[in-house]
Structures are given as C-alpha cells and as structure tokens.
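First chain A sits with chain B, and in the next complex the same chain sits with chain C.
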Partner chain A sequence: MSSATIDLPLHGNGTQLFRKLRRLTFLFWPAAIVAFFVILGQQYQWIDVYPEQWVLPVQDWLNQAMKWLIHECSFGLFTFKELTRSLAWLVSWPFKLGMGLLVQGFDISFQLPLLGRIEGHLPHVSWLGVVGCVSLLGHYLQGWKLALISGGCFLYLAVFGQWVSAMETFSSILVAVPLGVLFGLILGIISYWSKTAEILIRPLLDMMQTVPIFAYLVPILFLFGFGPVSAMLGTVIYAVPPMVRCTHLGLQAVPDSQLEAGITSGCSRIQLFIKIKLPSALHQIMVGINQVIMLTLNMVIIASMIGAGGLGYDVLTALRRLHIGRGLEAGIAIVVLAIALDRLSQAITQSRRRKTASSKNEGIRHRHSLTALGLLFATLALGAEFQWIALYPEDWFISTAPFWDGLMSWINIHLYDVLNTLRSFLLIYLLVPLKKFLLGLPWSVVIAVLAYAGYRLGGWRLALLIAAAALFPAITGYWEKTMYTVYLCGIGVCIAALIGIPIGILAAGNDRLASGLQIILDTLQTLPAFVYLMPCVMLFRVGDVSALVAIVAYAVVPAIRYTLHGIRLVPIPVLEASTMSGCRKRQILTKVQFPLALPQIMLGINQTIMLALSMVVITSLIGTSDLGQEVYIALTKADIGRGMVAGLGVACIATVSDRLIQAATARQKLKLGLA
Partner chain B sequence: MPNWKKCLASLVLAAVFSLPLTGLSGTIPESKDPIKITLHDWTGQIINSHIMGEVLQEMGYNVEYVVADYLAQFAGLESGDLHVAMEMWETTGKQAMEASLATGKTEDMGETGMWAKEEWWYPSYMKEKCPGLPDWKALNDCAEVFATPMTAPKGRYLGGPVTWGGHDEERIEALGLDYEVVHSGTNAALFSELKAAYERKAPILLWVYAPHWVPIKYDGEWVEFPEYCDECYDDPSWGVNPDKAYDCGKPYGWIKKVAWAGLKDKWPGAHRAIKGFHIENEVIGELIAEVDLEGRKVKDVAAEWVQNNRDVWNSWTK
Partner chain C sequence: MNLNRHTAQQTQKSEPKLACRNVWKVFGHRPRRFLARHDYNPSDQVLAESNYIGAARRVNLDIALGEIFVIMGLSGSGKSTLVRCMSRLHDPTHGEILFDGQDLSTVKEKDLIRIRRHKMGMVFQHFGLLPHRNVLENVAFPLEVQGTSKRKRLERAREVIDLVGLEDRIDNLPNELSGGEQQRVGIARSLAVEPEVWFLDEPFSALDPLIRSEMQDEFLRLQRLLHKTIVFITHDFDEAIRLADRIAIMKDGEIIQTGTPEELLTNPADAYVSEFTSRIPRGKVISAQAVMDPLPQTQDQTLIGEGSSHVSAEATIEQCAQQVFSQPEPLAVSDPKGRIVGTLTQEAVVETLFSGNGSRPEA
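What follows is the complex of A and B.
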C-alpha cells in the first residue's frame, strides 16, 4: 500500500513530463524544416532569396485582361463597358434624388398644354425639418432617449457648420447602404443554398475586404465613369462582406425545430425560406446591416479622393492646410452621423420584435408620420420666408477648432521629449529588430513552415491552399514588400490584441463600462484615420511608428468587441456550476470563461488582422514602404496590373492568416465540445 | 433571373444611356451641357479651377466642379466624364499625363504660366545653427544638426512622397552629402512635420514647393544648389562631380492644363479660353494666402479676381 502511494505521484509525474514532451514534438518538425532550409540556403542562393528570373509577369497578364475587359469585351449587342455604364446611370438616379431633396433642391421646368412653360425652383428640405424628422423616427422606434440622441447628432452637424457636406455624404449613404445590403443578401443566400458557391464566394469576400481600393480604382473609373457613383460602388465593394457573412450565418443558425414545424405544416420550399428562415435570421442580418453602415462611413474619406464630395473631402482639405481642429470637427461629423444611423437601425430590429408582440401602436405610427409630414411642409413654407429656417446661418456656427489646434501645439511643445523617447524606444527595441528578422527570413522557409502549420491544423488541402497563397507574393516579385506588410500589421495586431482582450474582459463584467466603450469603439471605427494621423506625424514624425498607431487604433475595435461578446455568451448555468464547485472569480475567468470564449476571441483576432490589413492603404499615405505604397505608386502610373498584383499580395496575407486561424478555432471548438 | 432577361434589361439601359448628346455649333454656348472641371485637394488648384469656371460662366457656359483624385482623374478625362483639369505638374504628374495623351483621348492645353519651384528648404532659425546656409556646401558641416537617432551620424532630409520623384537619392550621392532621404507619404504628412518642428524651433530640412502656402506662412529659405540645366541630369561629366549626373538643383517645372479631346468640338469657345488661361506665380500666391492664411472662401476670392481683372481674362478668350 505504501509503495502504491509513493508510486502514484511518481508515475503521475512521469506521464505528465512525457505528455509535456510529446506536446513539444509539434515544434520538432518546423525546427527541422528551418534547419534543413537554412543549411541548404548556404549552399544554394535561390533558397534564401527568390531569384528575379523566376518572377512571372502576372502584372502584364492582368493589364492585358483589363484592357480586354474595358475596351473589347462585348456581348454582341452591347459591350461590357456599356453595361457597366448603364448600371452606373441607374444608380445615379436615387443619388440625384437624395441630393435634390437634401442639398440642392429641384429645378422644375415642364410644358403644360394651356399654361405654357412653368419654371421654378423647389427648395431642399430645411435643416430643422431633417432634425425634427430624425427625432420623430427615434421617438417612434424607442422613445425619448433615442429621439434626443438622433436629433442631437443631426443638430451637431448644423451647429458645427457641417450641414451641407454632411447631407451630401448622407445622400450617398442612403444609396450605398441599401445597395450593399441587397448585394450582401443575394450573395449570402446564394452561398447558403449552394456549397460550391460558398467555396467560391469566401475567398472573394476576403479579397473585397483586403485588396486596397486604390488597386482597382482605375478600372472602376473606366467602367463606371467618374464621380460619386464610382465612389459609391467602391464603398459597396468594401462594405458588403460582413453582410454576406452575417446573412449566411443567420440562415445557417435557424433552429431545426422551427424548420420541422414549417415542413410538417406543409410549407413549400419557397414558403419555408421566406416565412421561416428569413425572419428567424433577421437579427443576424440586422447586425450585417449595421456593419455595412459603419464600413460605408469608414470609406467616406477614400471615396472623397475619387470623386465624392461631402465630409470626407472636408477632412482632407482641412488637413492639407494643417487645420487639425477643423479636420477633427469634420471627422467627428462622420462619427456622429454613424452613431445616429447605427442607433436607429438597431432600434428598428428591436421594435420589429416588439411589434410582433403587439400591433396596437399602429395609431402611434400614423401620428408620427403625420407630424413628420406636417413639420416638413411647415419648415419648407417658412423657409421661403425666413432664410434661417431653410439653411442654418453661418453666424450661428460654433467651432472648437482653435482649442484643438492650441492643444496640439501645447502637446507638441511640452510633451515632445517624452513622446520622442517613447518613439525611439519602440523603434530601437521592437520595430527595427523585428523588421530585420522578418525581412531576413528565407522565403522558402516561411512557405514551408506555413504549409506545415496548415497540414497540422487542417490536412493536405489546407496545406496546399496556404502554400499557394504564400507563394504568390514570391512568384510576382513582391516578397520583400509583403514581408514588410506582415511586419507592420503583425506588430499592430499583437499590440491591438494585448490592449483589446483585457479591455474586453473588463467590460464584460461591467455594464457601465461596456456602454461607455460602445461610443469609443464606434468613434474609432468611423473617425477617419487621417484625423489622428496628422497629429501622429507631428508627434512621431513620418515613419513606421505613426503607421503603427493608425493600425492599432483601427484594429483594436474587433479585438474588444468579440472578446466582450464571447465572454458574455458563456452560458449562465456553466458559470453557476463553477461557482457551486467553489471557483473563485479569477478561476472562473481563467478556467471557464476565457477558454469557452476563445473561439469568439479568435474570430475577433481574425477580424483584427483583416482590419489591420485594410489600413495598409492609409499607412501608405504616411510613408511606409509596404504593399500599400506599391499600390499607390501603381495608381500614379496608371499601371492597373501592378496595383492589382500588389493588392492581391495583401489578400494573400489575409487568406493565410484567416485559414490558419479558422482551422485552429475549429479544433479548439471540437475540443470544448462546442462544435 | 434567366440570362435573357438580364440581357434585355441591360440592353434597354444601354440604349437609353447611349442616346447621342447633340450640340449646336456657332453661338456661345455651343452646348448647354455643363463643362466639368476637376478639383483636387490643394488650394492653388481649387482657386485656379474656380477662376476658370467663373470666366466660362461669364462667357455663358454651364460649369460643374467635380472632386477627383489628381492622378485617377485621367480615367475620367479620357472617357469624357470629366472635361478640364487645371493643374498638371511636370514634377509629379508628367508620366501619367504622357500615358494619357498617348491614348489620343486627352489634349494638352498648354502651360498655365505658373512654374513649380521645388527644392530643399529650411526654416530661417536654422541659419543660426548652420551659418553657411543657403549654400549647399554648408550642408555637410551641419549634417549632425539635422541628424536624428535613426539617421545619425547622417542628416535627415524629409523628401516628398516617392511618387513625386525628384532624384534626391541621386543628388545626395552625386554631391557627396552626408544625408539620408526619408519619404513622407503625402503632402499633409510632409507639412505636418514642418509645422511641429517650426513650433518647437527644431531642426528640419525638407522638400517644399511653390506655389504653396507654406513658403508664404513660414519664414525660411531654399538651399542653393548648382543651378539646373538639362546637361546636369543627362550628362555625368557636367558639374561638380565628373562621374555622376544629378549634381545640381531641381528644375523649374511647368504646370499644364489637360482636357478631354472632345472639348474642342463640343465647346470650341471654351476650348479657346482654357487654352488661353494664363496666370503668374505671384498672383496665385497672393490668392492662396488670402484663402489659407486669412480664411476667406475660395469662391469669393476667385469671383473677386475675375471681376477685377476683366482685361486679363478677356485676352484669353480671343
């Protein structure tokens, strides 16, 4: 008996040690691969550095393909370009309607049989009318609180002198968002119906989100013409992917019991889809719509570089003149618009659910819409008499710009030394060594290790896919720039995760913090990076540190959101069970909540990577020598192929990281019994 | 949706869209359609565009301003979506412009009369720390002054975006300067650094160009390099360094107007006026200062100039 008691722990220790060693074996193969290639690399130069003569002229192929598409592609009766042009023409109508309604008014002139020619100008809706209607909508959907928020947001636009630009942006959003939602729904439904479509659509979505818009800007301009419409389409391309993903996810998550109920009550396939699946996926779809709104507003600044005026253009011009305060005000106007639209769209989802519960507020709706109509006509009529009702007078503008400019100068003069030390520290101890390390890695080793990771996590098919994606930058001759991008985004993602996950965990246990955080997250996601980039450049100078700040600020959002969401999703019975079994708070966090939330958190990291990569286009505007810069140079030389190849390089980074993380998450889920 | 339906729908759309636009010739305006002038994001260009627009409106044309990217606009100019671009700088847009002219769908509308000056520039307080300036030979004595931890012991020269070209790396090598070029990504980034340094009276040496508000607002000087000539860039044996080209300053660059090739036939009168457009650096410099430093509106400044200078622009239209 005594021997047993002594033996057991020893035996236990032995297996534990053995297990630990076995766990470490997964490191053996990568190490072996690295060693193998490093030794070989000393012998053969091509293992170390991809030889130039092996670079395939993919750029030229793409250039030729684009040329064909733009100039020659034809369907017999009409060419491809004519088709796209007519689409653009179609889309321009609702935009013109919106502009007429909110900004310009309408010039009417028509011929009447008896009265002769009638000409006149119908004024645009007054600012008071818009603020009033938005508040009414808020009140109808959720009550006084939302009315105050949404009305206040629009009031900000008027008071701070952003009204005209904001309405211009607003009317382009009113077109872009429904367009994005429609496309997203269609693609989402298609990918839900057909497995092959899903396989084809998924990489397409990654590309849409990560290939910088500058890469396909020139072909878009050729095909869809110049101006707000092209800008809108560019925006839609960027904003659609989350909509597709959410639709797909929502449809998949429809509970079997509901489907069975539908089938037993004799629904046809179409009825089943329209009456059961779509309504039950509605909540998830609304999440998608919300993301479309956010991303559309995020693209406002890039869109303004193409031909959309509005707030984005104001931000750009203000910053060109280094009027940081005014740039900030215009930037906040974008945020405010986003917040108002977001809250309203969220309220629509919730009120829909309430409405199904009781339909008695039919009368209230009519009261609201009648008031709104009355308000519109009253302000319209009064606006003809009193100028200040039609358009907010300039004398009433408030501006906080001098304060911000002053603050910036103060920080610059007094805190520069501290910031400079921070910057030097970051550069010398973190950025430069890592950059040297990553740029020094032989390309073949990187691809081999990545492929091995793919094999371990998902088998041969994943390994092949990842190897192909990783090979693309090498084949096209962009290996170095790609590694530079990986370095910049990699550090950005790490810092974002280190900041974001703890904040998410903290907020999950504190409702007040969480609701306060919501506004900060919305701001970070929609405030144009340019607004804080220029102050960054002033304090940190042109270079990688400024770029890093921009990446972290933008990419930290999903890290926080998904962590928060994941931890809140942990089922309450599980928490109760662990409390019952005597876990302390910290134990619950580290042993129960965190592991269970890990798949969600990993999804957040995945999105963090995507967003970091989508910032590449912005960092090129500060002055980094990554793929973003290559895309930008290609744009200036009107070299479509070059830009597209560099853009696809970004998409390849995204694909590799996305697939690896998804495979890892799937395994984790399996382990936890969640799948 | 079946395929034939899609085809039919697009066919109808295409048919409506491609209705020919007809213009009556002879009287001004030859066509009521708006002439679309592009706006970029720097003040001088916006003022010029508005001056041109005001003049065309005085002549009786309809004008529309479209915000467009400086380089991406060529796609629009070639297809006729856009009609006039008022500023194309030799130094930054030459390649894109030549590529576009080669398609035959755009037309070179001649020089604006403004010249782009681009050179190394420093704030005047740097003269105390580096008394030999503005002569370029003094640069090497002060390399330490301009150095940062990242470039030490070499001096740091903040260049423009890579897309601007400028041959600064070659210049540094040819003249044997102990400096390193750091490229900024945009205009705004470039001058943000200047603003910050100027407030702190910190050392800075950077690429500045004119016409622009920066040399008007901030007190400073251009570095004087050996004067530019064509041989300097083409012939290594010319200049201080017998083995290398680029051993001189930067050339003055023209600023041209570019238009859609169809402009000539559709609005011949406007075509003449745009070709005739001519303005001097000093004039535009003052207007830029009024907008950027005094905070007046571009529209007012341009309209005022057009009202006060009828003789000047009347000569363009002949």
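What follows is the complex of A and C.
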C-alpha cells in the first residue's frame, strides 16, 4: 500500500498532479465566499454580527398568539381553555385510580339506605403483591428467568427505599403508555388511510422529534396547568411519534400476497383491515409500544419540571441541590424500572408470535391470573394485620446514598488533582479555543457556507431549506446561544465518533466482544438522559466539561451500533474475494469494509448528533449557557414565546445537520452502487 | 477430448501441484477438540448423533500441474467447503493441504498472503465484486493490495479485461453489468496476478444456460492460452464432462470416487455414482475403445490401410455412430499410431447410446 502511494509522484506526470488539484476545486467556492464576507465584514458591521434592530420579535408574536388562544379563543359553547382543562380533568381520573391502587389507597364514604353512612379506607396494593404479580407476568411470558429479573427489579425498588416514589412514577406510566399507544395507533392508521393526513402528520412528527422536549413543556404548562396530569400529557406527546411511525410502517409493509389472499377470499375493506393488515402489522406495532414505554421513562425526570412527582421529582430536586447520592439513588431506581418494563414489553412482542401454537396456553393464563388475584387479596388482607406486608418498613431500607456521597468525597479528595488537570486541559486547549472560534464566526458566512454545502449535496431546494433553517436563530436573536449549542454538540459528536467508530470496528471483527457490547449498549439505551449527568457532575463538577462528558457518553451508542452493523452488513462473498485477492486484514478494513459501511456509519453519526443535541439541552441544568438554558429559564418564568423560539432554534440545528447528512449519505450510496 | 489430458496424466506420477491429505472440516463448537476426542476419525454415526457437521471428511486428492480438476456433488455435499480449505479461506480442522509440497495449513499468515497474492486466484459463485469500484478498479484490486504501481496495475488490468472481452465496460460499476459480465470481471480479477492455481467455485451456475455454455467455451479458450492448474466446482454434470480432465464426486463431505468422466461412467464405484451419472448422454463421454471388441494381442501390429474407414480409439461414440451405421460390418478402431486395436459393432453403439448401463460387462 505504502509503496503505491510513494510510487505516485515518481510516475506521476503533470496531468496527474493537475487531476489531483482539480479534485480540490470544490473548496474554491466556499473559500471565495468566506473571503468575500470577511473582507466585506471589515467594511460593514452587519455582516459580522447580526444587528439587534433586525431581530424580529417572534417571541412576542408567539406570546400574543398563545394569549389569544387561552383567553379569547372560543368554539361557541366552550372556550379553548375549557376544552384543554376538561381534557386534563378526563385524564386525571385514570391517574387517580392508579395512584389510589398503588400508592394512596381509597377513602370511601357513601350512604347506604339501612346501614347508614359507611366510611373507611381501602388500602393500596401491598408491595409484595406488586412484586408477585410482576414476577407472575414475567413467568407467564417467558419463564423463570424473566420472572426473576422483573420481580428482582421491583424488589430492588422496595429494598432500596424507593417504593413510594417508584409507584407514583409507575402509575403515571400505566396511564401514559396506553394513552400514547392509543393516540399513536389512531394517528398511524389515519396517516395510512389518507395521503393528505400523512403529508400533514409527517412534518409534525419530524418537529416533535427534533424540538427538545423541554420546549414544549412551556405551552403545555399554559394549556393544562401545573401538575402530574399535564406532565403526563407532555409525556404522551413526547412518546407518540415512534408509535405513529411504527404503525404506519407495519401497515404499509403488509405483503401483497397476503392482501390478495384476503381479497380473493371475499373480505370487505374493514375485514381486510382487521383480519389481515392489523395482525400482519402487529409485530411492528409491538415494537412501537416498546418504544413508547422507553420514551415515557426517558421523560420521567423532565416531566417533573411541570409537576410530575415520583422518582423524577426526587432526581430533579437532588440534582438542583447537588445531592449527588440521593439523586443517583433515585436515578438508578428509574433505570431499574426501565429495565424491568423493557424486558417485559419485549417479551410480549416475542410471545405474540408463538402464542397461537399451543392451545394449552389458555389454561396457563388462567392459572397465572388466578394466582395473581389470590396473591393480591391475600396480601391485602394480611396487610391490614401486619404493617410490613402493606408497606415495606423503613427500618429495612438499604440506602446507597451515603455510599455515593462517600465515593464522591473520596473522588474529590483523591482524584481531584487528576480530574482537575484533565478538566483544565480540556477547557484550555479544546473547549475555550473552539468556542471562541465558533462564536467569532460571522453569521452571514456560516449561513452562506451551509447553504452552499446544501446546494452541492442536494441542489437548490436543499440549499433554500438549509438557509432558512440557519437564518432562524439569527432572525430571532439567538445566534450566539445557537452557536454555543453547536459548539458543545459538535465537540461531543466528534469525540463520540472518534470513540464509537473504532469500537464498532473492533467489535465487528470479534464475536465475543460484539455480543458483550450488545448487552452494554442495550442497557445504556434504557437510561434516561438525565442519569448520565450525575456521575459526570460527580467527577467534573458543574460546567462545560461535565456537560461534554455526559454528551459523549449519551451519544456514543449509535456511533458504535451503526458502525458495527454497517461492517457486519458487508456481504461475505465480497470479503472472501478480497481475502483471495491477497488483502491483509487491515487492507480489507480500509479498502473494502470501511468504504462499504460508510453510509451506515454516516447514519449513525446523524443519530449521534440528534442524541447529542437532546443532551446539550438538558445540560443547561448543570450550568451551560446554550439554547437549553434559554428554554429552562422560559420554563421557570412561564414565558411561552421565549421557550418555543429557543426550542425551534434547536430544531433548526437538528434539521440542518440531518438534511445535510442524509443528502451526503444518499450521494455516497449512489457512488457505491448501493442505491 | 481435452488437449491436456495426456500431459495431465503423464505428470500425475510426479509431485502433485496441490494435494489434500486426510482433510477434515467440521463445523460446530470447538471442532478440533471434537475430532481429537474421536481419534481424528469419527464414524458417520458419531457425527450424525452429535451437533457437528462434517462438511469435508477424510478427503484425499492429488491435483496435477496443468490439470482441470472438477469437484462435483449435490448441494450441501461440501464442495465449497473443500475448496475454501484448499485456499485456506477456511482453516481445515484436521489434515494437510499440500501446495507445491508445502503444508498450507501450517503456513504463517504472512506467507499465506504472499501465496494468495502471487499463486492463487479464485472465482466465486456470487462474484464477490466490490460494489464501489468500477470494472477496471475491481480487476486491478489484487495488484493494488500488493502495492503494484498504479500505471502497471491498470495496464495489466486492461490486458486481462481484454482477455475476457469486456474492454468497453471498463468504467461501469458492477451493478450496471449483467450476471455474465459480472462473472467475467470476477474471472479477470482472479487472473490479474497470473495465478498458478485457479479455483472456480460454481462460476457459471448463476448464469442462464446460453450464457453458461458461452462462458464455458470462453473458459476452455482461456485455459488453452494459460495452462493453469484448475480446481473447478460444479453440480452440473454436462459442464463437468465438457471441462474436466478428472472429476471427483462428493457426497456428505466425502469423496466417493475420482476419475476421468469415462471412468466414472463405465466403472462407477457405487450405486450413488451410477445414479449420479445415469442421466448423462453417454455417447458424449464414452470412447470407442471402451466398448469395442479388442483384437487379440498378436494382431495389434496391423496398420490401417489407405482409404479404409476407421475411427480413432479416443473418439466418443457419438462422434463415430454415424460411421458405424454407414457400413454393415464392424468398424475398425485405431490408436494414435494408426494401429488397429479393435472393432466397433453396431450393437455396442446402440447399447451405449440407449441403455441405462452402457458399460460392457468385463469379459
């Protein structure tokens, strides 16, 4: 290989050099643009810095629109606000039911004709009952192993003193997930039936997934008020998009042969849908449900900003007061809950497929549900007698908070020097210079170069879209904050890619490593973004460095996963042919596997960017001053316009990078002859 | 039928170019340990009862320099596995692969790569072209990884591309080519380094019959030019008899019989081989000398007279059938030196052409 590259200049004559130079011509225009603007920028201030008087008061417009919506909008019989409030009221009932069942119990008082007034308290379900039922469900779905895992997870919640908070969270999940699934299913079906609906729904989904969750907490707060119910609605909105997509995808993927079989057997349209399409799409729908559950859990902490209680609230308050130990305790409890629910819902997905095979299943199910019922009543009855059965006694708690706090102070004492050096090093040599550079770039140059990239990759339409998206932060007066976000996110993504791609490559060549890695990645993906913050704060205190580490840790997963997948996708015949052509392992990697996996890897980087963005926003909680901070402030001041504009700014960053990468990937694929 | 049959058989006595000595390839969990536990010779029953697949079992082969050696067998009989062992794409679980007398299974990675770069070429059933490189770059690829200079490798690549007749598709990407063209690229690529041994794993089975027979002609033409040692896999008997000097028949990982096409037909080792060969047009394979009435030893000096009709001993029955039926009396059969070695009767021809068991019972 080396000799080949050395050979070139020897044999290379003028034309070859020229050809090499010509390859660089694509750099000409960007360079020209930059030079042009820089020279002009010295003349005209406005090219360098977006003038303040040009900022459009988009925030105020949004605020006015919202005001109108809340105070004046009326549908004749009722106002918009009444509509939303009654919706909230409606949803509050199942939530109250769940809370009553799991946490509070029910106060009963009613009048009977002969016996007079009856008052009493119906206790909530005992912790033993819940643990037992969950284990039974696990056993029914998959057998002993799952029973142990899921039961163990719930037991953990009790033993480590998180039971009450966890059940509060659990009951909101129990309401939010079915709601999300139902909405998602309906929207998915509608978008499947009607092209117009699809065209309307799709960009909405794109927006919902790129606007940071934070940002739509503000309007929700306004429409539905502060409290667990509006938190739940926020969660539902956040969790719905993948459900819609999965439903749509599943319905669309029904094989023609099945449809034709249905039509020729005389199905009506409805029958065709219910008897053929839905069952055929069921697996995909189940995948969607799993996603809804995971996103709901992801939202637990954020939702507590607008009034959800439970574990999320515990984490948030602990984090605000920098009680790392307590925060971690609650955070781990969320993870444990997530693992249990993830496993259970995945088991449902799998058991669906083999269910019909045996009819004896019916009997088993009855046995399981009878046992569960028996268990519930027994623990209920015994709970009235023995307090420890009703509620896990506090004396038995094992608290890990002291351990974490101890660890933290140990780290502070012993690792302080190392970590501080690392931190300073990162700050001085990487973060600060880059921040200065990015923040110093003239806004007009950035937009022009981005638009040019869009033009090269996808023509005028892409260029226009990207220019518009890049212009938005400038117009709304958020240029600086946006660049700050780009800076944190950009470094995070670069580091994540530098770590993730090599790991993916390594794992692709090593099956044992790959299967081990798979488990780790699966677990990492169930962790809510917030959980990453705590160890980082533990190690690096608040600030940009912690934020960076958290971003890298959170965003590295797709980089690894897609690289691994992409390299694994290279067909074996191609690899064998390369081996027989005399390639060394390294040559196979650089000349065959890597180029062929590149489109996949780029998609992975795209995902990495999305995750990094969502993390950047969250890191504003530990003191970064990006767009997330803006949203966060808006949230505390209930300033809808400000929050929404900042949120849209983040969506713009996401859109620009997503569209550019997608276009580049499509191009690359075409070049590889894969498209 | 093939020009080099004689040379092949002559050199057979000398050291083989490529040989397998009791080669095993077992798939499953820790196959070496499994084989060692069973003395490197597990019985069929042991294999069947275990979770192991004996994809190649106690294979012994000698392939001579310049020979076209065809490996045949039903799908799953282990042909690809065996050839992959020979090129060491698979490590054989047990046994030796001798390449010019050197045991490949113990050769170091570095030397193996050297051997692959300079002495081996392989053509794959599914082509295995690199989708992101055009025809020229695909063919130049083996030279590129060796570090040949760009000018030289492109020049050489052009040469072999000319050889397979693709000179006007040089800039196309693989997915812009038809199956036949893609396989030509594969062939050109494997020839770019001028290999000594050429492995072809069902190179033509993805092609339709017409193109297939075209490619077979092409292949024979190339071989006449290049004189490689060739290991050719196919499950198509027609293809095998057209190309082969010798054929090995595999079943369940074992080689049942090795021999010339004619030997397989006239002298099948077992019922499997005769079943396998039963549907071949025998007239195309069996030669006159196999079914003639040989003349007594004393008279074998008789020379053919000028103008009298005769056939060569090596002619196939199909080739001489017309001549036999054009005269009532048996036709004289002559050896290459012009001596009469026997006579061919009409009955013998009819029996060969139409009976299921055309071999004459040994007298």
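We take it that the second predicted complex is superposed on the first by the 472 of 675 C-alpha atoms of A that agree within 3 Å, B and C clash if a C-alpha of one lies under 4 Å from a C-alpha of the other, contacts with A are read in each partner's own complex, and residues count from 1 in each chain.
By definition in this document, contacts are C-beta pairs under 8 Å (C-beta built on N, C-alpha and C of every residue); 3 or more make two chains touch, one makes a residue touch a chain.
What you are looking at is a predicted structure, and each value in this text was computed from that prediction instead of being measured.
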Touch test for A:Val592: chain B only (first), chain C only (second), both, or neither?
second
Check whether chain B or chain C contacts more residues of chain A in the superposed model.
B
Using the touch definition from the top, say if A:Met534 reaches chain B (first), chain C (second), both or neither.
first
Look at A:Ser424 in the shared chain and tell me whether it touches chain B only, chain C only, both, or neither; answer first, second, both or neither.
first
Could you tell me if A:Thr636 is touching chain B, chain C, both of them or neither one (first, second, both, neither)?
first
Does chain B (first) or chain C (second) touch A:Leu87, or do both, or does neither?
first
Chain A-touching residues of chain B, taken from the complex the two chains share
7, 10-11, 13-14, 16-18, 41-43, 66-69, 71-76, 78-79, 81-82, 95-96, 99-100, 148-150, 158, 161-163, 182-193, 195-196, 199-200, 202, 213, 292
Residues of chain C touching chain A in their complex?
84, 87, 89, 113-114, 116-118, 120-122, 124-132, 141-142, 144-151, 173-176, 186, 189-190, 193, 199
In the complex, go through chain A and note every residue touching chain C.
1-4, 7-8, 10-11, 571, 573-584, 587, 591-592, 595-596, 671-674
Can you name the residues of chain A that touch chain B in the complex?
75, 77-78, 82-83, 85-87, 89-90, 217-218, 221-222, 225-227, 304-309, 313, 316-317, 319-322, 409, 412-413, 416, 424, 427-428, 530, 533-535, 537-539, 541-543, 546, 619-625, 629, 632-633, 635-638
